[in-house]
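Beneath this line is the structure, given in structure tokens, with notes to follow.
Chain nomenclature is as follows: A, B, C and D, assigned in order of appearance, with residue numbering initiated at 1 for each chain independently.
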Amino acid sequence: MATAVQSVERENYLNSNYGIKSWLLTSDHKRIAMLYLISITAMFWIGGFFAMLIRLELLTPAGDLVSSDTYNKLFTMHGIIMVFFFLIPSVPAVIGNFVIPLMIGAKDLAFPRINLLSWYIYMAGAITAIVAMVTGGVDTGWTFYTPFSTTYSNTHVIGAAIGIFIAGFSSIFTGLNFIVTIHRMRAPGMTWRRLPLFCWSNYAAALIMVLGTPVVAITLLLVALERAFNIGVFNPQLGGDPLLFQHLFWFYSHPAVYIMILPGMGVISEIIACFSRKRVFGYEFVALASIAIAVLGFLVWAHHMFVAGISVYAALVFSLLSYLVAIPSAVKVFNWTATLYKGSIRYETPMLYAFGFIGLFTVGGLTGVFLASLGIDVHVTDTYFVVAHFHYVMVGGMVMAYMAGLHFWWPKISGRMYPEAWAKLSALLVFVGFNTTFFPQFILGYMGSPRRYHAYPPEFQVLNVLSTAGASILAVGYVLPMIYFLWSLRYGELAPPNPWNAVGLEWMTPSPPPTHNFDETPIVTWEAYDYEHQPQEEVSVGH
Amino acid sequence: MATSDIQVAEHALQHHFADMEQQQETSTFGMWMFLLTEIMFFGGLFCAYLVYRASYYQAFVEGSQKMNIWLGATNTAVLICSSLSMALGVRAAQMGKPKLMAILLLITMVFGFGFLGIKGIEYHEHWVHHEFPGPNFHFETGDPAHPATDPQHTQIYFSLYWAMTGLHAFHMIIGIGLVLWIMIAGLMGAFTPSYFTPVENVGLYWHFVDLVWIYLFPLLYLISKKHGG
Amino acid sequence: MWKNLPLFPERASALAWQVDGLYFLLVAVSAFFTLLIFVLIFVFAVKYRRSVHPHPVQIEGSLPLELAWTLIPLGICMIFFAWGSLIYFQEARPPQGAMEVYVVAKQWMWKFEHETGQREINQLHVPLGRDVKMIMSSQDAIHSFYVPAFRIKADVLPGRYTSTWFHPTKVGTYHLFCAEYCGTDHSGMIGQVIVMEPYAYQAWLSGGGATGSLAENGQQLFQQLGCSTCHRFDTQGRGPNLTNIFGKPVLLDDGRTVVADENYIRESILNPGAKIVSGFKPIMPTFQGQVSEENLMALVAYIKSLSQPASGPASNQAAASVSSNGQ
Amino acid sequence: MHNLQDRFHPGSAQEHFDPMSHVVPIRMYVTIWAALMIFTGLTVFAATVELHVFNIVLALLIATIKGTLVALFFMHLRYSTKLTMVTVIAAIFFLFILFGLSMTDYLTRAWLTNTIH
């Protein structure tokens, strides 16, 4: 820890200037990342709070805690907030914003002011949605299916739809910025084959953001228009086809689930390599798998509509294509596992989360394979099986990866170390709590318990109680990091530039980095994850 | 390159780029990425159009016969002319002639307003004939021998017509604003032959909006001249 | 204890076995891969921990391995795909001669109408061992007809018919759920499917409640609404003769041919202009807003009964009564 | 600085940077403009002739030619980098995925009833 002391006094992005204005008008990607960090954390608490109310309601079969209308609003707002305002911006807008320019040796993203604009747009969307929620809420489900959303719901659908519409542009601009940055701003020698896998996977996610988000934006706009002026585009009473809405919605929202996992996969690649001190096994395949997922992800959307009344032949095609998109994910999982082989493994908190990610994503992904099978999906669609599937990939996958990444880059971001023992405890709580919450839901789902049910038949109670119990453990697991991260800002040990002895340009600059990232533009002469030539730190047996 | 040129260029170089070339290529690429998102944005509407037209062709034919082809064609021509003046305006910027550029951009804006004016006349026509979707929608072919076969789906045609042309018109309005902005900036000497990226990007945007109309025109106005029935 | 904590749904249809079979296969394969990954991670993490294995061995990658873990999962997936699709196609094609039940879903109840005219709400009685086909439509939002014990589900859409079918194999009372979110009381839109021995079912049928078969009702409506003024049972009418059109291809004015299924008849009544029969003028008025969803179903059932008498005694009867009434 | 740049943009290094290099003669712009006007007339005319399905085919063909002209010349696509080309192609590709896969549903919905009976 000899190097630790020098980093405090140095001018860095945090202390370069002070005052609220210097933050709200910044165009520094690192500060913008912090703005996102604060806002999406707030959204996560709101969404999590709704989740806890959902779980409490489901303790008993009768709908006794809240009214059915309230319940419907709860899961709708939980879904909307978690998906559009937390998970989609989570890894890209916070961690990606912070580390991508550092990783490629750039001074900033290609369009710093657009980056700031993205955050403002995000805030505008979030506030619009929250206002819609506070003034009455929405009860359409996060999927806004017509004609319920356009004709029968009497809640603030337009407000919520416009909120998401606005936030969509934030996502579009972030994606655009990432793509242009990764194409145009790489430091000398940082070829595509030397690009960290985190950049590859964010690049792939950004492709989806720019290609898919505009479609859902226009679709939600049509819903708002149809609702406001009673024009007929999707309304069956006016001759429209409600399934067209579903097609357009899922054209974005299926690929969007890969926006919600690809950046997380990137985090895992970095961490696995670092803590086993090895180049990621099959680097090219992992990189290409990201692109393959992004492209193939656009071909499978109607697997959400197998019982919706689409043509059976179309269902066949979409089922087949859904299997194809599962393969590149499998490739990644196997390559991560192979990376561990003959590595030199340390169990720091980020690595524990990464192990958790691989395991839970595998379960979540494989149950996605169940759903892609037509015969099975007919039985389990719209049941808790689906709920369990997507929480496994989204919470067990992406939220785990986000936590992993936060811990991994926290020393770089804050210049302080987090308390390792507490962090390990919370990782364990999250893992145990998560499985207790969501594994029972697979069983519930196959038994036929429908989702979005405020009250349910009594024979499903035991499993529901288990699930609620798990959710409480999970909540503790999430509250802990919140506390110790804040604590560490003040009391944490000072972080050296490269606490994990990792390879990567972001570790070659001080912690926290100076405003312009690098004193001079680095020139890259080594391959990605070149742990072979990275001097080894002395083995600390303590871990 | 005159020295003042270089000064402007130096001034315009943002800190995080290595040089003007990187900056210029980056922002042009960014603009094209943005246009890609615009294509997908309109794409959702085109997809809806395709689906309904494939299913309710006759209703769409009857709806499109309410379009004033001559106004539509004139508007197409107006837009093409505006594209020409825009292209020439970018060229003037490229050659370092800010006055000429301003004049050409002014012409572009005039065409832009012309387009919106004509579109407004058309909108008015449809409005008074109740060809606006919603509770007041009412559709008649105007030919007693051939009553409307499927007014319900003709309404969908009109919904899409208003949505697509409305979104397009909205883009035009933004486009005019952007042209005005670079015109003023140009007159104030913001651009030089080595730095005119904003002009170029606004030009790209303008041409893109023109390009969308090139498809809207045949799809909405020219479905079939044959009379319904 | 297991009474309060069932872990597996009941199996009460011919199809349930097939779905479960595929499910077990999927569970087995998934368990295998999950365990494989967990065990490998665990073993590597312990065996190569920093304290005992301080010097990692750099390995670039391996093409054969990459191919193996691309192609093997792909192969396995193709089995899932094929099997799943086979089941799906069975679900999509109701067998000939199935007993038909008409379903109207609305916020928040299920209305059933048997061919014989019995109506029920949130309860459906069916005989053991018969194929039962549901012809369903919604009056408002989208709902979904879901009977876990039969492993079937189908969305019920406004503005159009969808269908599903089952073959009950076990007497009992089973959950019926609405599985597509449809508003406030979505979770209250539940009911029961009661599978009875055939004799018990007959007894239930004769227990009354029926006011003429569905087709008979349809026939009355056909008169009342004035359909019969144009649609006659000869070639003189201003509209086509509707005898024997169901299930047959219809040549349209614009040269296309469509098969006259339930959805076609429905559209012909509500939106006659959308598809004009070749050789006729588009003079038929729309009946949108004039016939309720139930009456529409009666009309459809009646027009169907004018065609092949294949679907059981009920429609036989109807067809017979029509021919005597027809002149 | 320049040398550095050249090394990390190997693609763009060959053509030396010169913003004046895309100045297109006015004649070219006017020719394209004239072509666009003629095609507009043509498409209006084509609509008045009954060609059945080919009406739409022809209309879209003409629109595509016009669009291509605008993109290639007015938007300078012809003179721009490969990356820009790829961007445009990607947009069209994904647009067609949206259209094509949606239509697999709409165009085959009737098949099942057609085969049952």
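The working rule: contacts are C-beta pairs under 8 Å (C-beta built on N, C-alpha and C of every residue); 3 or more make two chains touch, one makes a residue touch a chain.
No experiment lies behind these values; they were computed from the predicted model shown.
Engineer: Report which of B-C and C-D is connected by more C-beta pairs in contact.
Structural biologist: Comparing B-C with C-D, the pair joined by more C-beta contacts is B-C.
Engineer: How big is the gap, in whole Å, between where the Cα atoms of subunit C centre and where those of subunit D centre?
Structural biologist: That gives a centre separation of 43 Å.
Engineer: Please tell me the distance, in whole Å, between the geometric centres of subunit A and subunit C computed from their C-alpha atoms.
Structural biologist: Centre separation, subunit A to subunit C: 36 Å.
Engineer: Round to the nearest whole Å and give the separation of the Cα centres of subunit B and subunit D.
Structural biologist: So the centre of subunit B lies 15 Å away from the centre of subunit D.
Engineer: Do you know which subunit B residues sit against two or more other chains?
Structural biologist: 18, 22, 25, 29, 33, 36, 40, 43-44, 47, 51, 55-56, 150, 152-153
Engineer: Could you check subunit A for residues that touch two or more other chains and list them?
Structural biologist: 183-184, 211, 215, 239, 243-244, 247, 251, 312, 521
Engineer: If a residue has to touch 2 or more other chains to count, which residues of subunit C qualify?
Structural biologist: 92, 271
Engineer: Going by the touch rule set out above, what shape does the chain contact graph take here: line, ring, star, complete or other?
Structural biologist: Per interface graph, the chains form a complete graph.
Engineer: Enumerate the contact residues on subunit A facing subunit B in the complex.
Structural biologist: Subunit A residues touching subunit B: 106-108, 110-112, 172, 176-177, 179-180, 183-185, 210-215, 217-219, 222, 225, 229-233, 238-241, 244, 247-248, 251, 516, 521.
Engineer: Spell out the part of subunit D that touches subunit B in their complex, as residue ranges.
Structural biologist: Those in contact with subunit B are residues 1-2, 4-5, 9, 12, 17, 19-20, 22-24, 26, 29-30, 32-33, 36-37, 40-41, 43-44, 46-48, 50, 55-56, 59-60, 62-63, 66-67, 70-71, 73-76, 80-81, 83-84, 87-88, 90-92, 94-95, 98-99, 102-103, 106-107.
Engineer: Which bits of subunit C are touching subunit A when the two form their complex?
Structural biologist: 4-9, 18-19, 22-23, 26, 29-30, 33-34, 37-38, 40-41, 44-45, 48-51, 53-62, 65-66, 69-70, 73-74, 77-78, 80-81, 83-89, 91-92, 107, 140-142, 144, 146, 148-149, 151-155, 157-160, 162, 175, 177-188, 190, 271
Engineer: For subunit A, which residues count as touching subunit C in their complex?
Structural biologist: Residue positions touching the partner: 63, 68-69, 72, 139-141, 145, 147-148, 151-153, 236-237, 239, 242-243, 276-279, 281-285, 306-309, 312, 315-316, 319-320, 323-324, 326-327, 330-331, 333-335, 337-338, 340-347, 355, 358-359, 362-363, 366-367, 369-370, 372-379, 381-383, 443, 446-448, 450-457, 459, 461-463, 531-532, 536, 539-541, 543.
Engineer: In their complex, what parts of subunit D are in touch with subunit C?
Structural biologist: Residue list for subunit D touching subunit C: 110, 112-114, 116-117.
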